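Naming follows writing order (A, B, C, D, E and F), and every chain is counted from residue 1.
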Amino acid sequence: MATVKLLSDAEADAIPAVKAVFDDIRATRKTDFINNFWRGLANDPASLARTWDNLKTVMTGETALPPAVQEMIYVAVSTANGCTYCVHSHTAAAKAKGMTPEQHAELLTIIGMAAQTNHLVTAMQLPVDDVFLVES
Amino acid sequence: MATVKLLSDAEADAIPAVKAVFDDIRATRKTDFINNFWRGLANDPASLARTWDNLKTVMTGETALPPAVQEMIYVAVSTANGCTYCVHSHTAAAKAKGMTPEQHAELLTIIGMAAQTNHLVTAMQLPVDDVFLVES
Amino acid sequence: MATVKLLSDAEADAIPAVKAVFDDIRATRKTDFINNFWRGLANDPASLARTWDNLKTVMTGETALPPAVQEMIYVAVSTANGCTYCVHSHTAAAKAKGMTPEQHAELLTIIGMAAQTNHLVTAMQLPVDDVFLVES
Amino acid sequence: MATVKLLSDAEADAIPAVKAVFDDIRATRKTDFINNFWRGLANDPASLARTWDNLKTVMTGETALPPAVQEMIYVAVSTANGCTYCVHSHTAAAKAKGMTPEQHAELLTIIGMAAQTNHLVTAMQLPVDDVFLVES
Amino acid sequence: MATVKLLSDAEADAIPAVKAVFDDIRATRKTDFINNFWRGLANDPASLARTWDNLKTVMTGETALPPAVQEMIYVAVSTANGCTYCVHSHTAAAKAKGMTPEQHAELLTIIGMAAQTNHLVTAMQLPVDDVFLVES
Amino acid sequence: MATVKLLSDAEADAIPAVKAVFDDIRATRKTDFINNFWRGLANDPASLARTWDNLKTVMTGETALPPAVQEMIYVAVSTANGCTYCVHSHTAAAKAKGMTPEQHAELLTIIGMAAQTNHLVTAMQLPVDDVFLVES
């Protein structure tokens, strides 16, 4: 039903470059579960390795933002881009990493309000105030 | 240059419903500066009051997320929606509320990576894994 | 500054297929003014003719919606798609065709509120109620 | 299956702030039916009350635009933002408020044509004509 | 389940203007299959004829780009616009017109990377380099 | 004017990790010119290195698609995402890599038509035909 094949574990294991990434995902996340995103990307082992490497670098280890906040930003972008799969998977990740129901509710409210003011600003075609343009 | 008039202070002061909101913005934010968003919205005093009231409720007082995080979520949505004015104003607000350069850099990286995986997922039309669909 | 050349009147007159369209735009709109959209499209005379023909058919003559409403719908889509040029040109057209300041204010409010609820719905990933799915 | 719980009538009735809004929705719309949007928002009673209050103010009572036109603008924004739920619910609302099949067909045509010209303009990066920038 | 009726062959045959387009689609594509896009558009025979006429002109006959490349561009736009139906139908068309698995993989990678750098650029609000603005 | 500092050559040279990337960009592209995208990203040397590494891997060397086609796909995504900077820079790159005026015109036409049919499909909420869902 996807536009690419979703590789089964057997199919993934048969391709060393894919197996290596799947093994690292499992070790890093401490779970056997591999979600469909990686099974789809596995059709292109180089892209799979590159994408996992980037994600692992940014979202794990020493980060500037708490893990739950990282996932909430991910949910915000995924919502604005209309990605059903991504909203589901990153909302689940945010909850797993400690997002409280109150934080989830506030996240939704801010996403909605930002979209509203984004559209109002675009419809009014407002010039940026000089004060926002000073060099940081 | 906007599609609506941007009300000057004199014009705003002449409309009691607008003056009341501008006064409250100044008092709440502890600054005389009123940015163009409010000057444009002021053409519709009811919309101005409603929008300010909502924003004040959500973004000030007791919040579930730290103010800098709220603004970073705002930047994330504004970027995905392509709103130049909003990216500028909310990036400035995030900095003013304590976002560090390291957090800004990580915010940009997550926004970029989320957009990338959003588009990969949509291009592959992946079905949502069952595990993400269990009731919260 | 555009990614294509904007044809001057002299350049347009030198290409019969372009001249014919420009003449028809002027006659239909009862003005000598040709805006940049058509000057850019004129690099591809077939596309210019096709686009003008479609626009003329839909937006003039016997229409199901009043001209100002047509333009307001155009502004709504252009805002959501983040097209600066289009927001400016179709807001101007809506005003010229009779959109009142009160209607403009309400248009902005509905665009903003729709964006807000669109994003809330997407972030919550709501299933469509059965009642909305009955055949029309 | 949503990322939030959809409150049942029993659950809604148990929270006075939610019950009050649901009662008002039923009274205002003269129907017992509460659609999923409100059942999802009800997880955050303050957001529920604020959103309903805004929607009721804008979409009912004395409006500058006919109800069916308001809903058509809502459909236009929802389409451009890719919100399945919203396209379904507001198309149903537009029909209920009197949108004719001819108006629906014209709405679709204008949405499609606006998207086409939006993208053409963005791909050409056209400068806005001076005439569109004069103060309204 | 759609917001419009999808015309059956019998219903299409009963409307001469629709039958003419369906016949031409079948003859041009050398297949009896008519996909839902045309069955939905058929509610508005004029829009059906115009859209098919435009598509046929652009996508068949003498083209400047190979058919598979045309479809890949279509997939790229459809992905960024979040259109599930369109991603499916144009990916299928690209495969049918010769897109190899390696080209499909590279298409996905470029779509993802473009989205990433698009968002990074927007979040940084970069000024366009002068060198990109010289007249073509 | 950007939300980040654009590093000058002197500033870039003072950071070894940045200098290394800038040197490689210059060597790979056989030009001294470094565009603003890299000067902005240079605030985060790790992100700069990762992004350049990915781009270099995908867009140079042995590719499945011709360089001009890669850039045209980039333009298509950038247009749909409304990224002014990206439309300019990748249109310039496509021309430099051999995109003809006829191909540019056809690219614009397909982008516009795809956006039109994307929006029509979304407004009609069409179910995907079974034939498009068979496993590839």
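Here, a contact is a pair of C-beta atoms (placed from the backbone, for glycine too) under 8 Å apart; a residue touches a chain by one contact, two chains touch by 3 or more.
Note that the structure is predicted; figures quoted are calculated from it, not measured.
Here E-F and B-E were compared by C-beta pairs in contact; the pair with more is E-F. Remark: subunit B and subunit C have CA centroids separated by 27 Å (rounded to whole angstrom). Annotation: 20 Å between the Cα-based centres of subunit C and subunit E.
Multi-chain contact residues of subunit C (touching two or more other chains) are listed as 1, 3-4, 51, 54, 77, 79-84, 87-88, 91, 105, 107-109, 111-120, 122-125, 133, 136. In terms of inter-chain touching, the protein chains here all touch one another pairwise.
Residues 82, 87-88, 91, 101, 104-105, 108-109, 112, 119 of subunit D touch subunit E in their complex.
Taken together, the subunit D residues at the contact with subunit F in this complex read 75, 79-80, 82, 84, 87-88, 91, 107-108, 111-120, 122-125.
Remark: subunit F residues 1-4, 6, 33, 35-37, 40-41, 51, 54-55, 58-59, 63-65, 69-70, 72-74, 76-86, 88-92, 95, 100, 102-103, 105-107, 109-111, 113-129, 131-133, 136 touch subunit E in the complex. Listed in rising order, the residues of subunit A touching subunit E in the complex are 3-4, 43-44, 47, 51, 77, 81-83.
Taken together, the subunit E residues at the contact with subunit C in this complex read 1, 3-5, 46, 50, 54, 57, 133, 135-136.
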